[in-house]
Amino acid sequence: MVDAFGAMNAIGLVAFALAGSLKGADADLDLFGIAVLGMLTALGGGILRDTLVGRVPVALRTTGDVAIALAGVALALVLARLLGSRLRTHAVVQLPDAVGLAAFAATGALVGVRAALSPFGVVVLATLTGVGGGSIADLLLGRVPSVLHEDFYATPAVIGGVAFWLTVRAGVASGRAALGCAVVVLGLRLLALRYDWRLPTI
Amino acid sequence: MVDAFGAMNAIGLVAFALAGSLKGADADLDLFGIAVLGMLTALGGGILRDTLVGRVPVALRTTGDVAIALAGVALALVLARLLGSRLRTHAVVQLPDAVGLAAFAATGALVGVRAALSPFGVVVLATLTGVGGGSIADLLLGRVPSVLHEDFYATPAVIGGVAFWLTVRAGVASGRAALGCAVVVLGLRLLALRYDWRLPTI
Amino acid sequence: MVDAFGAMNAIGLVAFALAGSLKGADADLDLFGIAVLGMLTALGGGILRDTLVGRVPVALRTTGDVAIALAGVALALVLARLLGSRLRTHAVVQLPDAVGLAAFAATGALVGVRAALSPFGVVVLATLTGVGGGSIADLLLGRVPSVLHEDFYATPAVIGGVAFWLTVRAGVASGRAALGCAVVVLGLRLLALRYDWRLPTI
């Protein structure tokens, strides 16, 4: 189970770093800015998560995630030259991105339950870990975070967080519940992409 | 005294959640975005406050404040349908909002003094708890936080923080000083609304 | 060595507070907004640094840095009246600003190594301490942080952080390595200003 998680997490880090770097290249940032955007998109959600529960961020203490995210940035530099930045909305980015959202939401929910947060806190942490990095990147570019006004993107993470909490509440071990959470998030996100789901405005 | 505080805090949470949600609806966010803006406006100041003094945010650990803020979001959805979003600058929002500013500034000052911050730190925490949530919401919408360029809004919180610190310094118990702080903030804010006070630019 | 550091830190605080306040005046903020921008530019990098490693920010616990930054804000109010805001790109601001970048990057690297961060974490903390305050100020004004798309500004801090880590790794005491880091950052930044260095975009 750890392996499935680790693989999903790695896929997500590469996909998030790739998407963030391409976003930076689109916005005419210089190389430093592109790398910052890629790394922040990949690592920012986890950094927010850890800061909120009072841990020094894993991304600043260990090298594994950082190295994987850097690989995503490097990949973006190559792909952007070869293919242009059109690929941001291509399935080759969106599918791994959905995997990353699922893995990150699951780790956020796990960290939240271990920090003895309230149900609301667990759901917030799951969602923030999933969408926080991309939202910080949007903010740095002076944009309204895309999760606030388009797409069915954060909602799968919210529902996954709720599902996680209900499962743990029902007595299931939190590691197993986290895997369930990831499956729920991934399934909902893929359905949303396939059928172009959106939330209503008022 | 606890009761007066609790009531002011609850009024403030509802008012802030209401104002934030309406701001989100004005900006054409989807339902998720509206709820995020409402919750962040109500809870964001306290989350910043707790993170800065190294506590896991109360809003993620307990359910009381969250439930009250959610009620504010729900109220906003109903009112926005009935009345349109004009009510944001209406007294029915601005008066409870002033009560919330006062209650939040007072809790910020209290937390600051208990964390043994410097006088400057206490004033910063009082102000940030009062205006931080709304400022985060403004930032998410790509706007300059309104407290930076208009109105006499943050200034009452700053003055309340200074008054709190002087009172504690003079030997008054911090709970009683916090109530005094709230009265000062509320009074100044109401006067500012009544007489349209503004700070000069240079 | 402590004295050299202290002096560089003080010069940096004044220069950053001055630059931030002038930026605020340019953007037509009111007096409160101008003071917030100045203080945040001077103190924001250190606040981010401390929050990430789980310390209550020094700027909220002690009064020394705060008083120096306030002096920078006051200086800005005087200078802006006398000279207009053209001086932001003048050598009288840019040289002390380079000194501040160097001092702040060095303290960030030191704090990172003491918090047992990874090499990546140390470099991030050095960079963030140097450029974080100005970036927060840019964000509050709704601008893309200037370090992301122009100038060779963050890069000296990154290189200084790497140099620091390599020096400590080679067995040099961290205090001495921090001084070396500051010299590297300052030298690179002055060269960048003199020869108008820029990073490529892709």
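Read from first to last, the chains carry the letters A, B and C; within each, the first residue is number 1.
As a working rule, contacts are C-beta pairs under 8 Å (C-beta built on N, C-alpha and C of every residue); 3 or more make two chains touch, one makes a residue touch a chain.
Chain labels with UniProt names: A, B, C = Glycine transporter domain-containing protein.
Being a predicted model, the structure only gives us computed values, none of them experimental.
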Make each chain a node and each touching pair an edge, then name the shape: line, ring, star, complete, other. complete
Same vs different contact residues, chain A with chain C, by half of numbers used: different
Quick one: report the Å distance separating chain A from chain C, using the average Cα coordinate of each chain. 30
Where does chain A touch two or more other chains at once, residue-wise? 51, 54, 139, 142
Contact set on chain B toward chain C in their complex: 51-54, 112, 115-121, 124-125, 135, 139, 142-145, 147-150, 154-155, 158, 198-202
Considering the complex alone, what residue numbers of chain B touch chain A? 24-25, 27-34, 36-37, 47, 51, 54-57, 59-63, 66, 77, 80-81, 139-142
